[in-house]
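Each of the next two complexes has subunit A plus one more chain, namely subunit B in the first and subunit C in the second.
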Partner chain A sequence: MLGEGILKGLAETARNFFGSYVSKDRLTTIQFPEERAPRIEASRNFPFLVYDGTDPMAGLRCVSCLICEKECPPKCIFIEKSTDKKPDAVGKPQFYPSKFNIDVSVCMSCQICVEVCPFDAIKMDNAFELSATDRFDALLFNKQQLAKPNEYYHEIHPTEAAEVDAALAAARAKVAPKPPPPPPPAPPTTEAAAQ
Partner chain B sequence: MTTATLPPSATLISQSADSDTQLLEVSMGPQHPSTHGVFRMDVALDGEHVVKLKPIFGYLHRNHEKIAENETYLGSMPYTDRLDYFCSITNNWAYALAVEKLAGVVVPERAEYLRVITGELTRLQNHASLVGFLMQDMGASGTPLMYAFREREKILDLFEALTGARMMCNYMRFGGCRCDLPEGWLAQAKQVVDAFPRFLDEFERLLSGNEIIMARTQGVGVLSKELAINAGVTGPMLRACGVNYDLRKVDKYGIYDRFNFRVPLGEHGDVYDRYMIRLLEMRESVGILRQAMRDLPEGPFTDPKTKVRNFRPKPGEAYGRIEAPKGELGFYLISDGTPNPYRYRVRPPSLINLTVLEDMCLGQNIADVVIILGSVDIVMGEVDR
Partner chain C sequence: MTPDTIDQIFVTAKHWLLGYTPSALQPIVSAILSVVPILVVFPLLFAITTVLERKGLGRIQNRYGPNRVGPYGFSQPIADGIKSLTKEDVIPRSADQVVHFLAPLLLVLAAFLGYAILPIGRNMVITNLNAGLLYFFAIGSMVELAVFMAGWSSRSKYSLLGAMRAVAQMISYEIPLVLASVVIIMATGSLSTVSIVEQQAHYTYSLPHWFVFTPWGFAGFLLFMIAATAESNRSPFDLPEGESEIIAGYYIEYSGFKFALFFLGEYLGMFATSGLAITLFLGGWSAPFSFLTWVPSYLWFFLKLLVLICVFIWIRGTLPRLRQDQLMNLAWKFMLPMTLINIFTAALWHFMPAGIIRWLACAALLVIPCIALSRGLKQGKKLQVRTYRFAE
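Up next is the complex of A and B:
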């Protein structure tokens, strides 16, 4: 019968329409500003700089090695190296960035800076409500705007942050125990000398 | 709209049909709602019938290949996401495959399975949204597209949980994938895949038997087997003409020889067949996904010997190709031993499938041009690069 297929199709739309009242599966709309979808842990948007401790500028993990600046595909990172040095996470004196700018209007959220960073200093943020009325200065984030505490990193990516902290603690443990317990170095050296 | 200056052939047709009529040249696009992006067609019309069609593209040209030649091998990986932005994971895969061939990198088994799982999920969401868009072109404004997008959203959520982004996944790396599955991902993916056939049944009940769709699509935009082969058309477009050519069966790249699946073939090569092929392919993809998720082995997800930085393949050339949802997607690379490729070339399926657009449209109504274009499945990011 002509029109049978159309009627069958209409039955299908009716099923979807009435089903949306009972089944969450068929009504997936979220009324955004009032309700929000559950945050997905892995989601990424733009990079930020992690700092430890309370002082954002002194606690920055970044040692200004310029690897991320070099590897960034759209070249949206601008770093200026400091002239003096400060201790990094494992206690070695290192440079720090006197200027660290990311142009988020150029950034394409590819995460390559995070992958190449050997100091776990740059991580991906998931803040997305970044609208601004000026597309030049307002979207060029400087060091102060980029610096966020490690606690914030734990809040947005808990699993990843725990892994990073464990790795950093292991690196510190490797360096740290040597000075505090000074093992008596004399006997082995004398033995070696005797032999 | 202006009256056209036309090539001799078109003028001849118009004179033979009716010497009083005047041909009308209409420029469709590049901002036309049915042209799937910034694509423009110069159509010469004799009444309602198309006598000449000239596709004009380049409005979305972003210099992809030249940028990649000045970029490290890894650095062009996120750019490949932006080629066919509906299926970023298969783009990553084709590029990774080409570089792996070039550098002789071995991919661990788990990574191969992860690639198949994400790649087939990409195929599901691409075909589902394509069918939705095709119905939108036909005038079914909204309903089928929204149903398709509802299902696509579930797959995009999976992508976001795995890779961090819904569309610009940037997931593959040379010698494997960027990260392993997060906890609970596989169970969620199984749920989505298991629910998918029900959606397909619904979709087919809604659309396949619909008399309006049959009247609008059957016998429209017929592409002959010979022309399809000669023009280098690949993917569902080619299989709708009845040519049994699927790179997953021909090349057996990755681990596709381990899965049991069929290649659906069309008979007439018209728009309806192209629509049907996509629906049938989705069912086969669901089958592949079930097998891959069942067999997913433990192990490393990436080759530990491949470096992320300072990746320099030995001088040489390689062509890696996969069966992307739209057809054969290939990357041709020449290395001169430096960190960036000497030559980088993409073989985009959309562009090459688009070359037969005029042959399919000649003699058809102007309203059918929109459907024929929709059934080609183009994404301008890939056509213009």
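Up next is the complex of A and C:
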């Protein structure tokens, strides 16, 4: 008879209506600013620079090799290479970026910079509340804003960070025990770069 | 304060205010005093309804709905109003400027004019026209003109398509709407809404004499409500504005406050036809039980109106949009025959002696054609696998 299906549908919507007041599992909405969903490990947003130790500027892993700047498809990375060398986290003298800017309004979160970095210096962040009132300077992140500790990296991507740390430790272990042989076939800098 | 004084408080207040005006100004002041409350109360009801609708639809879809502005999101219409007032009013360059400007105004005007004959409470009606019902339907057809003005003047194919759909739909459903209310005219012998309500405000064994409690009244009420849903372009009859097909139909080229006026007009039309359904079938301002007559009459009217609004929201949250051919089939192959049979049933009811036989005969006379017609609607549908010429 005409109307039978309509009545069934009305019963279903009524069940939804009253059920949403009774059982909380029906409501899948997360009321954002007050409640937050747990951060997804595989999510990524914009890149950040990893530093070891406590001093952000001294501990940066970046040696300003400029590979990421060249590979960046939308060209949102601007690096200025330093003229002098400073000791890095393990004490070896290295170039460092005297300027490292990423324009997050241009960045397309493709992760290519992360994939090409030979030093595991740039990684993807998943912070997303980056809105600013100025669309030019406020969205051009400098070295100080981009630098985040390795512990933060462990916090947001634990599995990946553990792998990176293990690989770095292995590389350092490989380099460290053989200081005696005077002329190594491959200089340590290139060997480090190869990893 | 007796219940009667509370019931008549607005009427006495008006008379008290009129007593202070010079007699030359009394007609105009009396008109203003009657009209202004309507102009205030029903747009306020519209504001409340938008929140209720959004929250209700949200809950039906297991969402929260608006809950940010004010307590439980109930200040949302204020935010919406400020937004639509401050938005840019875009008028297409090729539009017919004058008609484009007039269309939303005419729609709201037509929607408001219907309230002139709605008895909101005992002695609370703007004008007691003795052809009130006729006046309501005559005014109601002005909405079509406004809709077509909007669609035509916008000079957009979507607008025009929406307007054509709206006009086709409204003309088709106006016939069942009027025919469904004819049974009330037959039963009461009056076109005046006031006397229609008064004839329903009697009680036997504390139960009211509402027309919805008779077979022909019940069928008439359902048919009237279906036609009213179609008349006010509400889901599932919202083809004229079908968002997924023609974006917003006839008001696609409107922005800012004119867009809001279209919504206002649409909801006001819905309230007006619901108010008429209450007046005709649900006993207007009369209480549902004789021992509840101490509750002010206007409260009963608005309570019934809110119930009908909630039913409208419930229906909107449940049913998908009809196709144009289904819409027309329903109007001409089901609604129109059913309203005609209903008129015949009402006549039979009038001439048969009261008793259980009358009830059964009239109910059978309505239920059997209903089943037969719905069977007929289902038949002749050649369901086949749809073939696509271009999309694959």
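One rule holds for everything that comes next: the second predicted complex is superposed on the first by the 162 of 195 C-alpha atoms of A that agree within 3 Å, B and C clash if a C-alpha of one lies under 4 Å from a C-alpha of the other, contacts with A are read in each partner's own complex, and residues count from 1 in each chain.
Simple rule for what comes next: contacts are C-beta pairs under 8 Å (C-beta built on N, C-alpha and C of every residue); 3 or more make two chains touch, one makes a residue touch a chain.
Every value quoted in this text rests on a predicted model; they were computed, and no experiment measured them.
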Touching partner for A:Cys110 - first (subunit B), second (subunit C), both, neither: first
Partner chain(s) touched by A:Arg44 [first = subunit B, second = subunit C, both, neither]: first
Partner chain(s) touched by A:Val164 [first = subunit B, second = subunit C, both, neither]: neither
Which of subunit B and subunit C A:Leu60 touches, first, second, both or neither: neither
Touched partner set for A:Gln31, first subunit B, second subunit C, both or neither: second
Partner chain in contact with A:Ile77 - subunit B first, subunit C second, else both or neither: neither
First, second, both or neither for A:Ala14, with subunit B first and subunit C second: second
Greater subunit A contact set [subunit C / subunit B]: B
Common interface positions of subunit A, toward subunit B and toward subunit C: 2-3, 6, 9, 12-13, 16, 26, 28
Complex contacts: residues of subunit A adjacent to subunit C: 1-3, 6, 9-10, 12-14, 16-17, 19-21, 26-29, 31
Touch list for subunit B against partner subunit A, complex: 71-72, 74-79, 81-82, 143, 147, 150, 153, 157, 160-165, 168, 170, 178-179, 182-183, 195, 202, 205-212, 214, 308-309
Subunit A residues touching subunit B - in the complex, by the definition given at the top: 2-6, 8-9, 11-13, 15-16, 25-26, 28, 40-44, 67, 71, 73, 108-112, 115-116, 124, 159
Touch list for subunit C against partner subunit A, complex: 56, 59-64, 67, 314-315, 317-319, 334, 370-371, 373-374, 377
